């Protein structure tokens, strides 16, 4: 096939689609229905484009496409490899659902500046897809910055002083990190003259001329650069950013942005440094220690939270560090688990966030202690929440089990029993902080004569005896309920059929590239 | 005596230009009145012109107009006989630049006086700060 | 090359010159004609600069003997890759500036169109002359042409412009005088004024104290003119109060052209072995650059006026370029020269935005930017692009020049510069986030969430931004993006050769 | 501030004195400045341009481009003064003084008062008016034409003696200023109007630049007066001499216009009604 | 005799320069500056720069002084320093 949809042009069209959508959204500012159709259409097309690449990649290897020369030896180029596709597939598939959900959420809350919201959302997706597909660090940096900047208006969407200061914090952490990322890129470029990703790492020739210390410092520059991975102590932007509308928190702060950080770390560890160099420099251990620390502390924070979204934010931090620790173990199984967890955690965490958003939008409640009896008022939502929560701690029929299983195996494989213990402790702590929510919703009783404030038009009085089915009260709510139900279902499907969307094959292929076998 | 004094006077040229330049600079920086500043600026410029003219001086030479110029081909012209004309040319330009700058500077001073009612810098500053 | 072939070079200066002579006379009868004549002249200039650049790219440096006299006796235009590049930047930016000036002049300077455009053209003539000439003293004359016209143009701004311009005049004249003094010092020991000739004569005299002092005074003089910290004091006031059309034109160009002079003096008139190795002027310069970057950034943070903030950003950007020159390796210098283009583009872009906001809201404080994303979405887009370029977000040009500057800084192990550059990037983010917030978030304080109503500012919607303002703005944002995307084409074809061979 | 300025001034002076120590001996015929470039001018001026005044030949020919922009500088100053100062709006609410010629009475018309026609009977005088001394007035009137004549001589004889366009132009301008001071500004403007002065500014520069352009059109470099030989039907050296003369005339006209224009604007603060 | 004159003029130049910036009357300052220019012009004539001297005489001592005086006339004569 030739033309725009030829194989070699697919990475480009995947990147161009969100841009085109963004500008179409901008043009149809005055017509909300048209605007939202563009978003939906764009997301579906994007998903089709991305998923159409996976059979090709699996069969023929990476798709490369060079656009133009950016700097000497650095092209603005895309290289669609298996690992990139894992991330791209995850983000693009979830964009469809979140678009749907956004329509319900934004309209039922009558949010302002919706055009800006959809516009920035499309640009953020551009960033995420670009990061996934880029073939070198500089191209990745371009999209990384686009992602940061486009999400800033989303974080500050509420425009209250609190939201704006959260936005500033967000910018400060991520752009400040971006500066370190830039230093890392510059140093890499100076040391080896290229920044292309390679499954065996590219920095190993630099070890002779440059000291170990230099390489270690550069690694930490990169790590600081990926502040998006929210490891402690550069995590605090994430809980503050939860002030954003829930779909934003759901897609961006559970999937696109934070996973871009983790994705970047894996790229650095496996594709820039390479497993051997990491081991030689002893950086695996350092990374694992940071991640272990984050897991423990984030869990402790999460236990104390009463605001559901903040709790989920700390849960995200914890799970991200779980991925980091898995990578840091540097064993094939663990890396495979890390990659799988990017997708699986994405689906599970988005379920949780969508539930949280639905609860807020429909019932007007934000604090966990107010959730008493919601299980009966919103059964679908809360069931989905239950699925997501169990997925978090890796209960068997759920996706989380698969990835955690791999990581545990990987930990055994590499003999790092200390970290194995921490992983297990982390999983147990997951149970602890999700418990109050589950207990409250399903076993608590809604206080009598309480008014639910979510619905702005009519005040609904809900009594514990005769619970009204809130979820299905207005047709617009279906826009929210359906996506979260779908993600919940997928969380189960991924456990039973891990190869949905060829995710498992892709991960295996990526690991094979890196290690030369599972 | 004469030679020594002459030597002194000749290097005195350079001293004078430095002193004048410093007077001018000091006036530009310290003087409070805008017209005084302009005078200082002009003194700086003339000091530099003096310096350039001093470069052009040549012992035993006369003004740079060729004698018997009408039938010039018949007399051999020796460079050593005439003062170096190039600095003079440059300084003609510099004088013109100086007077042009002076005109613009004085126009500005008049406008400033119309706007603030004073030519004293500190008064202007207080007025600007009050707004 | 036969004489006729290079005539196009002189057209670059002569076209605006002739127009500037004719425009005041034409202004008596037909005011509208002034604008068209000015555009025509600058357009000719732009084309001739492009053709010259092409000639230089194909055949190497070009010389043009004025009056037919060979240097060092006569004056020559010596155009190598560096000049050709800067000349294109100057003509291009002035072309945009001239187009932009229309409404500003019509509204704020009635009955003086002729004089305004005449001075505007003289300014362009002067700047181009500085860039093209190969004679040290001729450069001074051009410098005075450019300066005098800019003093006058700046003075006709808002209240306070007069005094700012007066201070600029005093400091600028002292700067120019110092430059002339430095030239005199070089002349007294070499007897030549021609740059190429000087570069041959000077190496024998590198031990001379006179040369050192001359060099220092040339640098001081030009340093004042380009507002290098700590000689920058005149700049913020002057450019803040200037009419928007003037600041959009003078602010990006004047300082950049002066930096060109510094590069010329350091690397062509003097050779790197003197400036870099013997007296290490460049390393001193680079530390001044570092200070300028930090000082400019910090001062910019404390401003409440958009234009003044931009002025301090300029001070910082000058630090970037001077630092890059001071590092004096090929990579950093490449970055510095390329940054001259980028900085000119992004500053002209932001000053255009300031002009548009000034036009609509009659003010340029940051608080006047409230709600521009809704009221003037177009200006907002331009602002965003400009801001991203200043921050250095790829794919705008700003990123790539910064990349080379950083790379050069790391190569030279000049960590102070690298750190300053990175800090200033963050400061720039903070600066523009402030304006961005004002412009974007109009709902604020959770007060009115009444959906997407656009008619919040009842009746204040004045005139629409005229065509003459947004055409140059569109061109400039395209240029910023293209400069980024095609940076390799620019660097490989022209900037690379502009870097002095001695490095 | 004073101490700070003093320190800077002393540092500068120190630097300059430091630089002075390596100067070649004063007025040394062997110094580089006197041996490198300038001998060429001295030795070739006659054969290149047939102008005995070396300064003129260097000014207008060898470094003619410099001089052209020197003219542009002064032109810029003229335009700048006009741009800065000129007030085009009539302000009628100022008090004015009128002289009744028949009775010799001086009237002050207050703000907003009805102004008499400028007629045989009334003549406007300056607000800070002092009776003119008739002697000064008449003497100046007598002198002015002679000054102008001398100025023309200076311009025309610049080839052979000190002088040239600048000096001549300034002298004509000074003569106009003298006239304006000895009578009043309105009398001077009556004789050389503002537009005329501006026109002279432009025309002078135009003559200079036009000569240059003519050379370009005739096939040689810009300002290469040798090209004029083609239209003057002389040899290139004479053509250069004539070219220099043309250029000097241009400079003279421009400088005269500018000096007068600046004076008009400065002395009346842009109102063009009452001068010194 | 030449150098004595030159010496006197050089000294005069300095004195007049200092005078021009210290005198408390702007009109006086302008006139003193004119005198300063004239001394400069004499100096240059002695040094053989006749053209420059001529120009300085007409421009510096003549027109500049007139400009100063008209500017002072249009603004104010008194000053604090």
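First chain written, first letter: the chains are A, B, C, D and E, and each begins at residue 1.
Assume a residue touches a chain if its C-beta (ideal position, glycine included) is under 8 Å from a C-beta of that chain, and two chains touch if they have at least 3 such contacts.
Values in this document were obtained by computation on a predicted structure and should not be read as measured data.
Visitor: Once the contact rule is applied, which chains count as partners of both chain A and chain B?
Guide: Correct list: C.
Visitor: Walk from chain B over to chain E along touching chains and report the minimum step count.
Guide: Minimal hop count between chain B and chain E: 1.
Visitor: What's the fewest number of moves from chain A to chain E, given that each move must go to a chain touching the current one?
Guide: Minimum number of steps from chain A to chain E: 3.
Visitor: Among the chains, which is located farthest from chain A on the basis of C-alpha centroids?
Guide: E
Visitor: Which whole number of Å gives the spacing of the CA centres of chain C and chain E?
Guide: Taking the mean C-alpha position of each chain, the two centres sit 38 Å apart.
Visitor: Once you find the CA centre of chain C and the CA centre of chain D, what distance in Å lies between them?
Guide: That pair's centroid distance is 32 Å.
Visitor: Measure off the straight-line distance from the CA centroid of chain D to the CA centroid of chain E, and report it in whole Å.
Guide: Centre-to-centre distance between chain D and chain E: 19 Å.
Visitor: In angstrom, rounded to a whole number, how far apart do the mean CA points of chain B and chain D lie?
Guide: 18
Visitor: Multi-chain contacts only, two chains or more: what residues does chain A have there?
Guide: Residues of chain A touching two or more partner chains: there are none.
Visitor: Residues of chain D touching 2+ other chains?
Guide: Where chain D meets two or more other chains at a single residue, that happens at 16, 20, 23, 33-35, 37-38, 41, 53, 55, 59, 63, 66, 70, 73, 76-77, 80, 84, 162, 166, 262, 266, 269.
Visitor: Touching two or more other chains, which residues of chain E qualify?
Guide: Where chain E meets two or more other chains at a single residue, that happens at 50-51, 55, 59, 63, 67, 70-71, 74.
Visitor: On the basis of the stated criterion, which chains touch which? Give every pair.
Guide: A-C, B-C, B-D, B-E, C-D, D-E
Visitor: Flag every residue of chain B that touches chain D in the complex, lowest number first.
Guide: 10-11, 13-14, 18-19, 21-22, 25-26, 29-30, 54-61, 63-67, 69-70, 72-73, 77-82, 84-90, 92-93, 96-97, 99-101, 103-104, 106-108, 110-111, 114
Visitor: Looking at the complex, which residues from chain C come into contact with chain D?
Guide: 3-4, 7, 10, 14, 17-18, 21-22, 24-25, 28, 64-69, 72-75, 111-112, 115-116, 118-119, 122, 125, 129, 135, 137-138, 141-142, 144-145, 148-149, 151-153, 155-156, 185, 187-193, 201, 208-214, 216-217
Visitor: Taking the touch rule as given, give the residues of chain C at its contact with chain B in the complex, in rising order.
Guide: Residues 137, 141, 144, 148, 151-152, 155, 159-160, 162-163, 165-166, 169-170, 173-174, 177, 180-181, 184, 187-188, 193 of chain C touch chain B in their complex.
Visitor: What does chain A use to touch chain C in their complex?
Guide: 68-72, 76, 110-116, 138, 141-142, 145-146, 149, 152-153, 156, 158-161, 164, 167-168, 171-172, 175-176, 179, 182-183, 186-187, 189-190
Visitor: Contact residues on chain E for chain D in the complex?
Guide: 50-51, 53-55, 58-59, 62-63, 66-67, 69-71, 73-74
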